[in-house]
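Paired with chain B in one complex and with chain C in the other, chain A is shared by the two complexes that follow.
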Partner chain A sequence: MSIDTAPTAGATALDATSSVGTRRDVLRRLLMTLGPILVALVIAGCILLAVGVDPLAYYGYVLEKGLFSPLGIQQTLTRMAPLLFLAAGLIVAFRAGMWNLGGDGQFLLGAVTAAASAPMFVEVMPAWLALFCAFVVATLVAMVWSLVPALLRAYQGVNEIITTLMMTFLGTSLANVLVKLLFRDPGTTVPQTRTLPVEDRLPRLFDTTITSGLLFGLAAIIIVHLVMTRTAFGLRLRVVGANPRAAVHAGLGVPGLTIAVFAISAGLAGLAGAVDIIGVQGNVRADWNPAYGLAVIPAVFLARMNGFAAIGFVFLLSVLSIGGESAARRLGVPNHFTLVLVSIVLIVLALAEYVDHRYNQSRKA
Partner chain B sequence: MTGLFSEVFLSALLFGAVTAAVPLLLAGLGEQMSEKAGVLNIGIEGMMLAGAYLGFVGAFYSGSLWLGFLTGAAGGVAVALVMALLCVRIGLNQIVIGIALTLGLEGLTALLHHFQFSRSYPRLPAPNPTVIPTLVDIPVIGPAFFKHHLIVYLAVALVFAMGYLYRRTQLGLNLQAAGDKPAALDVAGIDVIRTRTIAVLSTGALAGLGGAYLANVGAGLFIPFITNGAGFLGIVLAMLARGRPVWVLFGALLFGVCLSLTTAMQVAGINIPTDVIQMLPFLAVMIMLVLFGRRASLPAALGIPYERGAR
Partner chain C sequence: MSNTTPSPVGDIVALEGVTKRFPGIVANDSIDLSIRPGEVHVLLGENGAGKSTLIGMLSGLQQPDEGRILVDGKPTPITSPRQALALGIGTVFQHMMLVPTLTVAENLLLGGPWWQRPRTEELEARVAEISKSLGIVVKLNARVSELSLGEQQQVEIVRAMVRNSRLLILDESTSMLTPQGIEELGALMRRLVEQGLAIVFITHKLKEAAAFGDRISVLKLGRKVGEIPPERFRALGEQEIISEIVELMFGKQKDDPEAAERSVASVHTEAAPLLQVVDLEVAPTDNAPGLSSISFDIRPGEILGIAGIDGNGQKQLAEALAGQRTATSGSVRLEGTAIEKLSVGERSRRGLRYLTDDRLGEGTVGTFPVSINFFLKQVGAAPFWRNGVEQRAEIDRRAGELVREYDVRTPSLKTPVARLSGGNIQKVLLARELADGAKVVIFNKPTYGLDLANTLASRQRIRDAAQRGLAVLLISTDLEELLSMCNRIAVMANGSLVGTVDNADDARTRVGRLMIGLAA
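Moving on to the complex of A and B:
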């Protein structure tokens, strides 16, 4: 058999949908999430102490900037928009048992496409239509980019972990080449694309600085969740994920579904890039690579590929990254500490889930 | 076009290719061992970073390159120990833990570097090469391949040692069984968890060594994120090699040539963005996959934690 890691993914995917959330269950889940985060904060605090930084001051700044200050929470919510699209794309792929680890390449190509096309469209059509077209083009480019791994997996059985990883290296370089050679703004010395004027970007929500991309992101992830859990198409994909051989015997067109999964997953990653550019950044600088995908992948796993849980984890990631940036600046710690913090949170959460699972098993036995 | 394709230029290019290939080779060989035993080791980038940092620290404070390699390998093993504990012993998701370890080590090594070296950026002296007599006199090839640090020759010897290990020894057979049909190995009375732990720890040692080589010999210093995806390239190499150590060597050399070409073009002042050249090895491999991609023979139990008695 050529399919390697699919069975485990399928098992968790099917588990997650069958668990009916009672109130006690939700409460326990909440406890099992907040508890480990506290533990992780304590462990990370010890590292801060070791390098001579007051952990309480650090966390104070993280919370103040990431969660409680009006400006900070708006930034946090804005940061969520691209992460939600990425998470939605990963949920589709992982539930179908396909390890799309190429999110960053798809994201960057979507971002560059949107950054290059939006200023051009804006000149010839009304702003709303221009943005819509930019979104469509970005999605299409990301979809096309995923076609090679999709076809190789669907018809040749080539493992998609290698191909998507390679395509992400290729995509990152290609995005840079495009920015430096093809879409370079002649008016600047630093290589970057033409900047989309602020008034033409995605509107902000009410009187805040929150991008309306957040609403699209939330809509995307909820739609993905409902499609995967409530529709026949979603069921087909989950069957492919749980057991591709059984799927063939059930008469499903596995190659076609594989290509569809890659297209949806990559399209959402491309949208993530577009929403970050059209909503927030306005242009792409050369060598810009926020590498969101790497942090979102484990978060989606920890959410057990459940869309609603993923929203929670994405929120947590955003608080940590926005708050961490600010706290690092104020205390003179390099921003890299945020990576350490995120890593410890992920590991402790994974451990807590294991402990919880064992506890449940021993209670049943 | 006098300077560009001269003998000196070519041999410098190939010399750089070998230097760039060694970390990839070590990472690829390490990842291959984990994968054979059924563990998809995505934390290898983190292991390389730990090796690069600790290897540099060891070499910098002791003044001995060999001690640096030792501390580098130890750093890789330390990270691998966490991975073995979490992913092999208690069976947590390998992708989650692997990525988390990579993120964590990226942050941790950058943080430590900031507090220790960011003001001085110390460098190590250039390593003493071991020159292989007579062979080194061959034009172009001689200075490119036979004037490296001793560890480079050892790394190449390791390729063949690995080949022997997988084909001729009990341990090699056990490793492959742990990846293909762990239950069968268990029935034969051999501890699957132990076999996989050995594999993951060896991966850590090799990746750490690769990282230490990258920092101490390749660059002469440690900078944050120095591995820059070398670990992920190692994963790609291991998967493309389909279980054969020699193919990892060829793959590493191919990527090494392209990486070296990037530097050479910059030195020669050719006005192509380096990104174009960086794309070459991946393009080559993707084209190869499109043309010849048959069903890749990955171990059947890759990525699946083994739990005794579970069905």
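Moving on to the complex of A and C:
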């Protein structure tokens, strides 16, 4: 078409203009992301007004607790640790075009294994090695748990959205059963695992209550981002995700890669569970399920599976969830209003995307 | 051709120079067509000739990029299927578009305004009137899933009539019918045109075209290559019509500039074959024919052509050789080494390259930059990756070289490859498959959908490859192309090779006879 007329020698010379184009792209992308968030905040504010709560007070409390109070910001940063691991796992899966929605099951099984194994390891080996072993065991268990959907998808083409969602129900129940029957701490009346002594947990950063798990989480997501964008392995996964038929045509071992993606994604989810237990909670109570896995999905989508952007959105999510819990308590709004807020953001974002797409189309026509 | 100046008088719908492009291909290339009441206008062409795209534009599913559509002599953009219906254009698609769990009456009432109660009595009266005049029986209360395919088709035709269609488009309507069903459909079409309707009947079967048509337009690779108007149609016998169509579809065209540059290099017959295929078998699947006892060999520097109507197992052959499709038995030897057990990647590393006809579907990753698409089959290989880490500078340097060497016109190396034109995407693929250690290259329809300049350039690349001593398997539905390039031409039909012809003077006739099922 029209490109045919461009001189070939200009191929490299035109690079400069394309970088200007990308800067405008980034700006537009930023506007397309932040604009809808603001609109969503306004809509959520209207809902708050409708139920008789002052939206400004609500948002004020959210910011005050989640961001500006010293204790709150420490809690926010601590909450980020497991969320970052989960986001890293989702980035791997989503970029490879596999929708691992079983994060919660994998997370809880990782958490329970870590909670059960860490106190035992601590008794027989130095603390750092014990924690390391607990991490490894949690990762392996989550990986094994992902084998069923992975094999079904790789060799039978069974839709992984359905299998991972079903496995997450089984996983949560299994985690519960394990806490109540197998790993139950005989010393307490409430069903829970043995508690890891505070001094054996992951060290805190400096003089704060922030867990060092945050650093591991940041490292994990940055490593995942670099692997996905800069390495041959990451490129193979992205080819599978972007065009599975091209992957077959190019001679990639798609079934093997599929299993690897599930293992990495679930392993990171298991690590998220382990880091939350070994760093913060110390034990797992029966029926404990924070449902971080599902909460992180929107953040990863908003970040468009970019690792660095995901860090930002995970931070936002942490602020909202820590601040939201506090604001909800003070204003009598249900705790789940944070979820309402996040979902409104997603819907507005999807609408913005649609409008933008239509606008581009009509401009072309 | 006879209707370059169509008289607008009497045309219900006329197409003037309609062109439609998709990323990578030109589906319709300035097509003129006039559709008149009282005529069955047959659109004839192979798969990929552009028939479906043409129908898509008439039924409002797609918009032409160039040219215009006239309805009753007035230029009218058809922007949606709803509008097409309002203009009186009804389409019966290849695949049934009825809801199987609803009754016939309910299906016919679908699409009415949602705020009104369905007007059942009115419908019954209307259907009774239509079916009486056409001499068919429509069971309004039967569930669609209980009807035969032929009956379902009648329901679809009646639906178009209920909506007051003046032009009825039947897209490959006979493909799922029994021979008797086809006869009935033919009779029904006759009665419909007698009532003053216009019918566009799409098929790739020559016999049906000759039996049911009043006017025939032949499409080939997106272009209209000829038309038989009603006067001529009536004057000719069925056999003469068929042979004229064969001539249009496969024959030499007067305005075919590339036909002149026919030159076939000679091959050393004593050289050992680079590729030997013996008794290759592939099991058929639901939507693809199998292969049976395929045997051939190709020597260095030789171009072996595979001719045949599209969909006779050519793609399956290419995929089985490349390793993308499992062969049930048979052997494939590259330089004497058996490779039939090896993976796609390993075969490619040993020098067997497959240039796919599906450039965007499997040949490239459309959203990835041009530079990465050059190396899609080498991911992880030095020097472009070291210890698994991407070497951007090295990739860009080599990609830049290939862009220059193969004359890929791209705004930059970072441009997503799907934004390029079909010809330039093809150049990316050519560069990828021909570079670095290629020994045997399978080209599947390498010039499909390309404009003339790119077609000629691609052919030259293929000739050059053979000149360098590569063995080339050239799969094409364009007989002209095969005749202008190949040393030998094998003809494929129903998943097996029905004959091989040396490309000598009488090759055209002999290949043509093999293609329509006669012995050479």
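Here is the rule we use: the second predicted complex is superposed on the first by the 313 of 365 C-alpha atoms of A that agree within 3 Å, B and C clash if a C-alpha of one lies under 4 Å from a C-alpha of the other, contacts with A are read in each partner's own complex, and residues count from 1 in each chain.
Here is the rule we use: a contact is a pair of C-beta atoms (placed from the backbone, for glycine too) under 8 Å apart; a residue touches a chain by one contact, two chains touch by 3 or more.
Owing to the predicted nature of the structure, the values given are computational and were not obtained by experimental measurement.
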| item | value |
| --- | --- |
| First, second, both or neither for A:T338, with chain B first and chain C second | first |
| First (chain B), second (chain C), both or neither touched by A:V42 | neither |
| First (chain B), second (chain C), both or neither touched by A:A350 | first |
| Chain B versus chain C as contact partner of A:L302, first or second or both or neither | first |
| Contacts of A:L34 with chain B and chain C, given as first, second, both or neither | neither |
| Touching partner for A:L182 - first (chain B), second (chain C), both, neither | neither |
| First (chain B), second (chain C), both or neither touched by A:A232 | second |
| Partner, of chain C and chain B, that touches more residues belonging to chain A | B |
| Set of chain A residues, in rising order, touched by both chain B and chain C | 1, 4-5, 8 |
| List of chain B residues in touch with chain A within their complex | 40, 86, 90-93, 95-97, 99-108, 110-112, 114-115, 224, 229, 232-233, 235-236, 239-240, 273, 275-276, 278-279, 282-283, 285-286, 289-290, 293-300, 302-305 |
| Residues of chain A touching chain C in the complex | 1, 3-6, 8, 11-12, 14-15, 18, 230-233, 235-236, 238-239, 242-243, 245-246, 248-253, 365 |
| Contact set on chain C toward chain A in their complex | 21, 63, 322-324, 343-348, 354, 356, 358, 361-368, 372, 376-377, 379-380, 385, 388-390, 400, 403-404, 407-415, 419-421, 423-424 |
| Complex interface listing, chain A residues touching chain B | 1-2, 4-5, 7-8, 47, 51, 99, 148, 152, 156-159, 161-163, 165-167, 169-170, 173-174, 176-177, 180-181, 294-295, 297-298, 301-302, 333-334, 336-344, 346-347, 350-351, 354 |
